[in-house]
Amino acid sequence: MTSTMTSAPDIAATPSGQALRFYGLWAIAAIALVVLPLVFSSGGSLTSFSLIGIAIIFALSYNILLGETGLLSFGHAVHYGLGGFAAVHLMNAVAARGWPIPLPLIPLVGGIGGLAFALLIGWVMTRRAGTVFAMISLGIGELVASSSLILRSVFGGESGITTDRTALPHIFGWSFGPQIQVYYLIAFWVFVAAMAMYALTRTPLGRICNAVRDNPGRVEFIGYDPHVVRYLAYCFAGFFAGIAGGLAAVNFEIANSAYLGAVQSGLVLFATFIGGTAYFFGPILGAILVTYLQLGLTNVTSVWQLYFGIIFIAIVMFAPGGIAGLLMMHRPLIRAGTLTMVIPSYLVAALPTLALACGVILSIETVARYTASEGDGNIINLLGIPFNATAPATWVTAAILIVGGFIVGRITWRRIADAWDRAGSIARDRGYLA
Amino acid sequence: MTPAIEVRAVEKRFGNVSIIHDLNLSVAKGERHAIIGPNGAGKSTTFNLISGYIRPSSGEIRLNGDVISGLRPFEINRRGLSRSFQVTNVFARMTVWENVRCAVLWATGYRYGFWKNVDELPEVRRRTAEILEDIHLSHRRDVPAGLLTYAEQRELEIGITIAGGANVIMLDEPTAGMSHAETERAVALIRRLTEGRTLVIVEHDMSVVFGLADRISVLVYGRIIASGTPEEIRGNPKVKEAYLGEEAH
Amino acid sequence: MLELIVISTLNGVLFGMLLFLLSSGLTVIFSMMGVLNFAHASFYMLGAFFGYQLTKWIGFWPALVLAPLLVGAVGMAVERYGLRNTHKHGHVAELLLTFGLAFAIEEIVSMIWGKSPVDYRVPTALDFPAFTVFSTNYPAYKIFMLTVSVAIFVALLIALKRTRIGLIVQAALTHPNMVGHLGHNVGRVFMLVFGVGSALAGLAGVIAGPALVTQSDMAALLGPILFVVIVFGGLGSLPGAFIASLFIGLVQTFAVALNGSLASAFGPLDSSVGPSVLSDIWNVTIAQIAPVLPYVLLVLILIVRPMGLLGTRET
């Protein structure tokens, strides 16, 4: 017993270096949020940053369900949308009645909107987990989306409900007319919400959510009702999604039925999963990437959603840990100093893999242009090389790239696996890999 | 004195098939009680009935005098009964430390708390460290439970079961699949950790059973055919015929 | 009124049988493999578009046979090269894979055939009124659809009772944990079952295409209703899926046919009330709430009987 008495404190105490690094990261994040618009100050980048910020909160809220509690929802946008509508209605009421509520508090109302619906419907929904929960979330999503078109007075039908964010009482002399002011409002909420959601993972409830994710049956035998745990997680996720929806309402000055539809639900699932559900920063990466792609790809190709689908399928099949999982996989190798053993194999594999990707892109674009009846859209510009979609030479090139890339790629992928085995076993010997 | 566990006339049917019929069992407080019987006798079903995993079709189960039959597993657990599983049943993606800590949380009163940092609860920390020390897994505290060796997972399973401080512990074949040395270590562990508590254990290894148990009940085809001290059971002709006879030769 | 009842009953049963063509495959796949195939409605859509394209090239009747076979082949490929590799990552990963597929298939279809409806017509041989009820002509093509789906239903029943695969499927339905013990060719059984399920969905698409609208959003429209059907009937229960298919088919068809609203029944609201939630609900017609009805039923069944009508399983 004496040994436990002496060892318990030093087992438990967090090393101060770790704490420093932890607060350092948050400080850097805060500084980055403040400085970003000063570096990239064009109107376009401000708009992008604002959208990315909203997407980050939304994806993090989704990960409370998927990553933390193991609940796969196909209807998370319901809370986002209802948060948006709650915010818009309150903004209009504030403007009409002259209530002393400034704009920066509006997203909180969005959160309450999202939470209210979660409280109402969550208990029935979270009665069961797994596939059934997924199906039910889809059904509830459709129910709310279809109902929103019937209840026109609340949801404004097809056109939605508009508002004017500058009509609210000003605070510190900010009208929130210019995008830069809206950006800082969003950045503030991103920081606060991300902190809060991170803190949530460090609480007793957060840890029990993980336990429910891993093994709901066993949780019942350590005193917890998994249904209650799922319900609480669902409510928190609904609350933070509502904040994101409220911010979207402030940003766009409109809320419409698209906010709570299936597309929005699908996008947040894509962002979260592509980023990686096992680490807190995964959904942040995913939200940045997906929003950026969404904004960037729409100008380049008409079938950008198909690329989303393909990226998502590839992640599900080959890297279910998402980008964050891929990155964190290398941490033990870095610590063991064996990262250099795998890098060359990556570089070798990059070329055929890139060729394969180009082949796939080329064939998709060829089909897309070939079937689109417009005559002028036939030239595909890939890596600066123009390809004619109607020319057989293009088709042959695409076929060669795909077949050749795949055959050569497979050899190099195996070499990656071999290099990994070697680097991993050394890391394991040195005690950096379990 | 009220028995720790009392099972009265419990029956369990699945459809038309009766798995357990007229089960009667009484375990005194502080007793180490082993349930033995051939495969398919209903030992695991008995565990599942007592711990609330399945509900009895009829009959009554009491824990420390209170009726618990019909309660959900977590309600029974909160009343001070904790069980382990025959198939390892841990939280695979969480570290060893987190596994044990989750099992400590309810008993220390933090429940569904979402306003406290779980790393800054001194009592939780102390108890978790103690349990880890007890099950000899302190050096593996940061390893995900899914990556432990089989014997380590079995030890973690016991650790999770006792972590909540329940006064009635039920272990379902804790040494199944272990080597001889590992079994000895596990038995010593069980003996030490259940000191002063009530223990119900299902076990196939007769040396474990006779070395550990104060009393033994023999379950055959869903019915207790004998209950008594190890000597009484050893000498019971019915037991020999139904059970030991096949195993001993 | 009687006319409406007769026609709506016929249409409702027809829609229900179509739903069952899809939900039966989905249920069997789920029971055997534990995978809820999100892309099942996408296979239905593929069936419709393959049927349309093949009808253009080689005529309706060959297309009726060929298109489902093609869809079945696509399904088998998905099982062999997609699901089988994803299986080790668990059911959520499998569900996500089919979700991604559903998304990708919709995009591919709209890339190739565009986003507006294609001109998939009833074959001329079946383009005549079968009979006339009061003043409404009932098209022969719908009778043909009904015949095909009933024939498939009967064939399925026989296959389930009489063939070896059928027995395995039956065993899987009652004892889902037992499928693992099927032996080494379990992979082939899975692939076959997945292929047949997809082909049935494809067939439903081929015959429904001309009667409904063949468009790239048809999977997204039908998919959620399909999931309501199988949750409503009880996950993994074939009879449950059958009852739920017919029930939801009838409910939706009758709802669409009824034009009444609270306003038409009890008179308009006092005009001083103005637009509000109450007036929205007061004035909405039953036909307008038809799309919402399946989901309302879903919520109701979850409250009353969370396992679904004939479900026995917890997860």
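Letters are used for the chains, namely A, B and C, taken in the order the chains are written, and counting of residues starts over at 1 for each.
As a convention for this text, contacts are C-beta pairs under 8 Å (C-beta built on N, C-alpha and C of every residue); 3 or more make two chains touch, one makes a residue touch a chain.
On a predicted model such as this, the values are computed, not experimentally measured, just so you know.
Put simply, the chain nearest the middle, going by average C-alpha positions, is A.
Averaging Cα atoms per chain gives one point for each, and the point farthest from that of subunit B is the centre of C. With centres set at the average Cα position, the gap from subunit A to subunit B is 42 Å. Centre-to-centre, using mean CA coordinates, subunit B is 47 Å away from subunit C.
Between subunit A and subunit C, the centres computed from C-alpha atoms are 31 Å apart.
Residue ranges on subunit C touching subunit A, taken from their complex, read 30, 36, 82, 85-86, 89, 91-93, 95-97, 99-101, 103-104, 107-108, 111-114, 220, 224, 227-228, 230-231, 235, 275-277, 279-281, 284, 288-289, 291-292, 294-296, 298-299, 302-303, 306, 314-315. Subunit B makes touch with subunit A in their complex at residues 51, 72-74, 77-78, 82-83, 85, 89-94, 98, 101-103, 105-107, 110-119, 121, 125-126, 129-130, 132-134, 138, 141, 143-144, 147, 160-161, 163-164.
Those residues of subunit A whose C-beta lies close enough to touch subunit C in the complex are 70, 72, 74, 121, 124-125, 127-132, 134-136, 138-143, 146-147, 150-154, 262, 266, 269, 273, 303, 305-306, 308-310, 312-313, 316-317, 320, 364, 367-368, 371. If you check the complex, the residues on subunit A that touch subunit B are 3-4, 7-8, 11-12, 14, 199-200, 202-208, 210-211, 213-215, 217-225, 228-229, 232, 236, 278, 434.
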